[in-house]
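We just call them A, B and C in the order they show up, numbering each chain from 1.
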Amino acid sequence: MSVTGAAVPAPDGTPSTSTRSAEARPVREALREVATRPAGIAGAILTCIVLVAAIFAPVIAPHSPLYQFPDGLRADGSPVGPSATFLLGADALGRDEFSRLLWGLRETLVVSVTANIIAAVIGVAVGCLAGYYGGWLDAVLMRITEVLIAIPAILLAAFLAIVIRPSLATLILIVGGVSWFYLAKIVRAEVLSIRQREFVSAAKLYGAGSGTIIFIHVLRQVWSLVIVYTTLQLADTATFVSAMSFVGVGIQPPTPSLGDMIADGSHYLESIPRLAIVPGVALGLVVLGFNLLGDSLHDAMEKHA
Amino acid sequence: MIRAIRRFPVVALSCLLAGVTLAACTDSSTGQQAGQSHAGGVVTAAISTDPPSLDPAKGFDSTSWSFIHATFVSLLTFNNSNDVVPWGAATMPAVSDQGLAYTFKIRPGLKFTDGEPVTAQAYADAIERILNPATKSQLQAFYEIINGADAYVNGKAKNVSGIQVSGTDTIKFTLTKPDRTFLDVMAIPNASAVPPNLIAKNSAGFGLKPVGDGPYIVQSYTPGRQITMVRNPNYFDAKSVSVQKISITIGLAPQTELLRVQNGTTDVMMDNLDAPSYLAVGKNPKYSAYLHHFTAIADNYVALNMQKAPFNNKLVREAAAYAVDNSQIVKSIAGMGSTLTQILAPGMPGFDPSVQPIKYDPAMAKTLLKQAGHANGAGLPSLTFAVANGGFTAGENVAQVVQQDLQQVGFKVQLKVMDSGAFLSSIGQYPLTMGIYGIDYPDPYDLIASQFACAQIAAGNNWQFYCNHAVDQTLNSSLSLSLPAAIPVYRQLQSQILSAFPWIPLYYQTLYYFVNPKLTGFGANALYPFLFASWRI
Amino acid sequence: MTRFIIRRLIGGVAVIWGIVTLVFIIGDALPINPARIIAGPNAPASVVRSIYNQLGLNRPLPQRYLSYLWQLLHGDLGQSYATNQNVSQALMQRLPFTLELVTLSVIGELLIGVSLAMIAAAHRRSFWDGAASVTALSGLMLPSFWLALVLLYILGYRWPIFPLGGVSSPSWVVLPAFTLAFTGAAYYTRIGRASLIEELSEDYVRTARSKGLKPSHVLYKHALRNALRPIVTMAGLDFATLMGGVLVIEQVFGIPGLGTLAWTAVLQNDLPMLEGVIIVIGVVIVIMTILTDFVYAWLDPRVIVRNTG
């Protein structure tokens, strides 16, 4: 649930009353701006590392994340610590923690990124429709959004998970399906304010068939907002996906995911703390990277001439 | 018989650790004076989830049984040696009619805490209540051996004709055929009397506010939060009960419970230690006095669905059994157990220590698969392996070990972890199911028949879908034998059943409990991890 | 103003109706048979069927829906499948804990978040700006459930300052609320800082400064009040998210609130209980959202005009 400062609408959805509404700068310029600030650089680097690790996990990982080594567990059943074979030690079933971390990162990111793309599409669509057409469509869409906001996402997931732990696809759909609300509100507010400003001139220029053109114009305006918001949202989704695995409605074992690893590791906090700390730190770095990047992008875009 | 998804599989006797038996009073070594009840101390305990039911007609897992056993008096009960002894009955019943009729005399002095007297009629009503379909009791099948039960259950009779009450203290049960396990079935906590007036007013809600006649009274019960029990001064043997109050917090994670017992804020951790907790405290000399352990009389195995491909082929089943590395399985549960070798578990009469476990032999498994026409898994679809979730994480871990072992010889296996409701509804759908069966009472018939009788397929306990009518017949006729005579029959039967490889045997679990040493008498008998009435602090 | 209030209230009722209906639809669509759950896994099919009819599940959809609504209007949320408790009763018992936790968490978030934002905005681009932002970010980095476990272990066990889970003493709320507050404060810091910076460069601020008013006076009195608006929006939504997110924290700390109730309901397939929790949480959220709207309107009366025009 992150937000860009000035564009925050009122709770009921009416656009922000700030006289300094953002004239969003082109993304390229903003990126250049980001590259000059330490926070931005740090964020970009972290994000890159995380993405590279995730994308190239199959190549980088020394072992399969699923293979339980017979000598990964000692005779009493406790996992072996860091060694030449196991860079970060073994997990509770004798699997290589480092490989699982990389693959878990990959899993978490795949779900986050895909889910957020879906969320962005839905959010923009709903926001545009509501803001552009207004009237009863707006009212209905906004009420539906409010209803969905009022049902906590994790409970909704739990409700559905009564039957079974979701597959990857279902998980992505569920996460995507609960992450678009705020984006929709923001987009709607933006569209409303654009409509007030541009409608008259556009109508004058193009006559009756101005609908599509305004639509495209709206999308162009909203686009940078969506990028910033989605980047920030990625961090949230990563945490949410982990939370779902933590309570047991994430992906089926033995597929590794950061949340599962934290959950399993948390039982060993007293005996083998590294099992909980390592995935926790990994998740933290992902969140940090996305947030720094998103923040800098936002700051850069908010700069006014 | 009942399939129990036991969160805490039933416990075997441990004579050494059972410091106190139910008849302790005659021995005054603990300083008790005859005739004076020694009451002392408050025990704090923590448990992660509510006991499924405190109602004698409903609870059938070992935790619920521990509570029911502490608050209600059944006609008979099990002592620490797993023998059936009289409790609510004054003496063992008189058996007549060639084993068809059992007559009990209720002992005097039993009183419900709401003042109602405990009469023979109360016992009769309680058994009928279990049989009554409206109660939705899962114990119903246990008492269908009583004459007239069938007619009653089907609505054709208003009462069970085989239960006859005469006077206030005599009750006679007539069975449809001789069955030595009837005594066991009258010794489980479910066969306790309940106050008829209260039940008449509110039967469905009785479990939330149980009223009994046993060693303890449930003073208050808030589901999800706490249970408080206090000593019942009107219990007929109150002087054998020591702890004045037991205060149980519900809802803490087992990990937190462990920390609390370690730092002294809680006395008893009522969840048994899982692998990570055991690794944290099991080898620490500081905590050696805190640990109590017993081997559960329960089978942990993978049920192979014999009615569907590929496990309808004996060679494939055999291959699966040889593929699994037993020692790795035991390692994955932190050594809290031993390899399962037969249907009867250690502690069950008839357990045969000479039976060897199935050797871990992946080469043999591959050969067998090839013989079956599936060299290296050719022609085998991906097999779904159903596992129940619900706090029992050992199931998930062990399942992953099994999955890898099977995959190494060519099977393709996919895990499907489900909550227990969905899991139970899915029995029969999938080729592989993680199975556990804990005993209901210490008679070998229970373990063998519940899991392998043809009728148990419909009843939902025979997850292998094993069905052999000759075996069924032997099982049925074994009930009329005495236990010592029946044991060789059961040993032969289990060997016959297992030679068909209906399951992949996994392990017998040893349950570890973490308890502050200032509490003595923790002990346990075959069926109750928590013998509240024998605790002393 | 009255028209505004009425409109919001009607909107709120509509949303509640939406929640209730959505819950009904999902509950109905789930492929589980409540009669089977109540009867137990060993009951014969005839028993299951009779319970099914007893529960009225054989009636047509519109009839079931209407009777469901009718029951709800009477505050009857049904009986738990698992414990046979009255669902409404169970919920009311648990609600205070969750409410206390969430309210204190939001307050904590505001305190931490807004103070950090003020520091950052007042010393923009200096060391303090960076320090405040990093502090906020570190909270964001840590998954709340992870931080909860660590805090529980360190401050509940190693150095037992706070109770080790449960609700036995009044200080039970400190660790869980702090966990949620610390991990959630960063959002407020971010908007607060951006918002404040913007306000501080507005004309009226420059005017006030040129009149000789002290910078801090300007900050607290004027800029903050205007900058609070987006924070208010956020707090409303945040409350909603927390009501759900608190589930994990409640589990870790063993708090007998709505979260753990919902969780047990999931494990036991206790549909009425789970539906009840979702509805109650939904209602609380709607109430909070309406309150947020009123606060926002108080801060910015223009909203009222726009909404009633």
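Convention: a residue touches a chain if its C-beta (ideal position, glycine included) is under 8 Å from a C-beta of that chain, and two chains touch if they have at least 3 such contacts.
Note that the structure is predicted; figures quoted are calculated from it, not measured.
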item: Chain whose averaged C-alpha position falls nearest the assembly-wide average; value: C
item: Between B-C and A-C, the pair joined by more C-beta contacts; value: A-C
item: Chain located farthest away, centre of chain B as origin (C-alpha); value: A
item: Where chain A and chain B are represented by their mean Cα positions, the distance between them in whole Å; value: 46
item: Chain A-chain C separation of Cα centroids, rounded to whole Å; value: 20
item: Averaged-CA centre spacing for the pair chain C and chain B, given as whole angstrom; value: 41
item: Junction residues of chain C, two or more chains touched; value: 32, 153, 251, 266, 269
item: Sequence positions of chain A contacting 2 or more other chains; value: 161-163, 266, 269-270
item: Multi-chain contact sites of chain B, meaning residues that touch two or more partners; value: 259, 419, 421-422
item: Residue ranges of chain C touching chain A (in the complex, touch as defined); value: 8, 11, 14-15, 18-19, 22-23, 26-27, 30-32, 130, 133, 137, 140-146, 149-150, 153, 186-187, 190-191, 193-195, 198, 202, 229-230, 232-234, 236-238, 240-241, 243-245, 247-248, 251, 262-263, 266, 269, 271, 274, 277-278, 281-282, 285-286, 289, 292-293, 296, 300, 302-303, 306-307
item: Contact set on chain B toward chain A in their complex; value: 255, 258-259, 274-277, 279-280, 283, 325, 328, 330-335, 389, 393, 396-397, 399-401, 403-404, 414-419, 421-422
item: Residue ranges of chain B in contact with chain C within the complex; value: 2-3, 49-50, 133, 136, 138, 140-141, 204-205, 207-208, 222-225, 249-253, 256, 259-260, 262-263, 265, 390-391, 419-422, 424-425, 459-461
item: Touching residues on chain C, where the partner in the complex is chain B; value: 32-33, 36-43, 47, 50-51, 83-85, 90, 93-94, 152-153, 156-157, 160, 164-166, 168, 251-256, 260-261, 264, 266-269
item: Contacting residues of chain A [partner chain B, same complex]; value: 66-68, 70, 73, 75-78, 92-93, 161-165, 248, 252-254, 264, 266-272
